[in-house]
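Below are the structure tokens for one structure; questions will follow.
For reference, chains read A, B and C in written order, and residue numbers begin at 1 within each chain.
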Amino acid sequence: MALAAALRVPARVLLRAGGQLPGAALGRTEQADGGGDGARRFGSQRVLVEPDAGAGVAVMKLKNPPVNTLSLEFLTELVICLEKLESDRSFRGVVLTSGACPAGGCLMTLTCDYRVLADNPRYCIGLNETQLGIVAPFWFKDTLENVIGHRAAERALQLGLLFPPAEALQVGIVDQVVPEEQVQSTALSAIAQWMTTPDHARQLTKAMMRKATASRLITQRDADVQNFVSFISKDSIQKSLQLYLERLKEKKR
Amino acid sequence: MALAAALRVPARVLLRAGGQLPGAALGRTEQADGGGDGARRFGSQRVLVEPDAGAGVAVMKLKNPPVNTLSLEFLTELVICLEKLESDRSFRGVVLTSGACPAGGCLMTLTCDYRVLADNPRYCIGLNETQLGIVAPFWFKDTLENVIGHRAAERALQLGLLFPPAEALQVGIVDQVVPEEQVQSTALSAIAQWMTTPDHARQLTKAMMRKATASRLITQRDADVQNFVSFISKDSIQKSLQLYLERLKEKKR
Amino acid sequence: MALAAALRVPARVLLRAGGQLPGAALGRTEQADGGGDGARRFGSQRVLVEPDAGAGVAVMKLKNPPVNTLSLEFLTELVICLEKLESDRSFRGVVLTSGACPAGGCLMTLTCDYRVLADNPRYCIGLNETQLGIVAPFWFKDTLENVIGHRAAERALQLGLLFPPAEALQVGIVDQVVPEEQVQSTALSAIAQWMTTPDHARQLTKAMMRKATASRLITQRDADVQNFVSFISKDSIQKSLQLYLERLKEKKR
């Protein structure tokens, strides 16, 4: 899915999903060696993980320039890094930092437990699919509706709105807006609060809250993929995407 | 269904529903003849349509004095006019203006994409069925809940609240409150914003948002009609309605 | 289920549920004898009922010191008193006053029609199960979600939040926050407003609003009980509860 281009730097908080991701252990994270960070970095150029085993938290930086396009390779790296942390019991929380969050990037953000956005009007967040002439999948819709409610989700999705920070906070698509240099520290504070709850109780609660939405996606996944492929392959839709990309290029000039 | 009597003048924005209404073409709207309006008026005295084919928008004025009672004749005229516009590809949006919106009038408003209410404390909006001793049908309830959420809908429906402008805005049952003379222009501005999204993508998105509610109504329609008829025919309910009407008359004196 | 200990004094408004409670008549409430209260008190030391048959309202005071633990005996007394009022057609509303509302106490509050909380930062309200290392049952979750929405419910449940008055009002878990000495009179005013709607219409509306949630509980009740018993019997969960109780004791010292 194509993504818009402006620089955006939200940080999002993700806590251990308690087996929500496939459990394949991909090797242990290298442990702290006494350095200030508490552990060695790992990952790739596109997904850089800075683990702090002492605090039980890792910061995961998504950098797939120019716009963090969610390619298969990028997503695979992301999942491998998450699984590594997931299988390492010394980690209880992850902070994702990203430089773009329209469409798929926004969806990733919405699955997190807490969202912090840099207070810079150039940074926007939203599901802007209709602006591209395409339609957000039902599980994007369900996830957005869980966060901001039905009416706000309908308006946001019909108009393909990208919310600048103040509006994003007001509609509830992010939880906090802070100066750019405080985004990561704010996310780390938030995750520290979430880690005060016993893990097993919090994980069961989270699973209960998201069960209906997740089940619906799992059940209808194949149909959704087929539906999307046949939709996106239409000449008219391709033309619509083409127009959108051309408008983007013109904006940049 | 009986409606309350005060003068209320909200304007509501309705966009092409993309085949949501029965598709029978009832003849083309007369096209613009170079006049300022862009097209000739059509409709009846009760449903007056002022089309602006150039802008792709029509204003539909509901005038069934004294209180826009939703009689079968009135609703039939309304549907015919909508189908005319629906089948004419030069129109992408409709602004409904109405002088009363309790109960059924409010429901019609809630199905629109955007709601603008005149800032006059005499104009109220809500589903006041319980005040008449009757019960809003489940699809009124579902539609209201989609717009203002479960808790606000429960309170509004149990108490049969009619919200004056400031409260209507706060609870979210309308999107904007403006001075009376700006209601129509504000609605036209709103519809212009909604028309910036490609039609096919917006229509599919809207259908996705409203599918659950619409399906439930369609599936249970016959049962709901029977249920309503048997309820409304009860002596006790007729007595309750009688009392309400008498109180209304007393108020006017 | 263990409850936290601080003194809290919210009053909640409960209206006749229209046969929602088992209908067994347990004897008539003694009628007014001309005294100021309009009727004689009844109930036990733990559930004291002060009926005002003239107004059609009873005030029910829950006093099971030190923390209104919801024991089987206490809940049985509560249900008997409610059934007594329910079967007496001279009563149309009940105000429950309580001195504690975390967890089960909060759930009881959430089932009411209106919630008034004393403006004292020591009084908090919420479902704090995760803080104890346990999980709120799905019908607690459904009920909370109905009142404050999905996102706020997810955050509140994952973190086991107890909201102080200002936050409780903002998130919508209570409807009003007033000075402590006005809690009961405010609740009585609220119930007077709810009693302006014809009973039969209001009750049918309420049943419609809560049907999905109630049906889900009724259908899955046995499975939920078994699930809870097997969960709470685990060594790890018992240890977690033990830890919580010890922390509570330390706080008090």
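What we mean here is this: a contact is a pair of C-beta atoms (placed from the backbone, for glycine too) under 8 Å apart; a residue touches a chain by one contact, two chains touch by 3 or more.
Because the structure is predicted, anything quoted here is derived from the model rather than measured.
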Same vs different contact residues, chain A with chain C, by half of numbers used:
different
For the sequence-identical pair chain A and chain B, what is the superposition rotation angle on Cα atoms, to the nearest 5 degrees?
120
In whole angstrom, the CA-centroid distance of chain A from chain C equals 38
Give the residues of chain A that touch two or more other chains, as numbers and ranges in rising order.
149
Please name which positions on chain B make contact with chain A in the complex.
113, 145-149, 172, 193-194, 196-198, 200-202, 204-206, 208-210
Per the touch rule above, chain B residues touching chain C in the complex are 129-136, 138, 141, 149-151, 153-155, 157-160, 236, 240
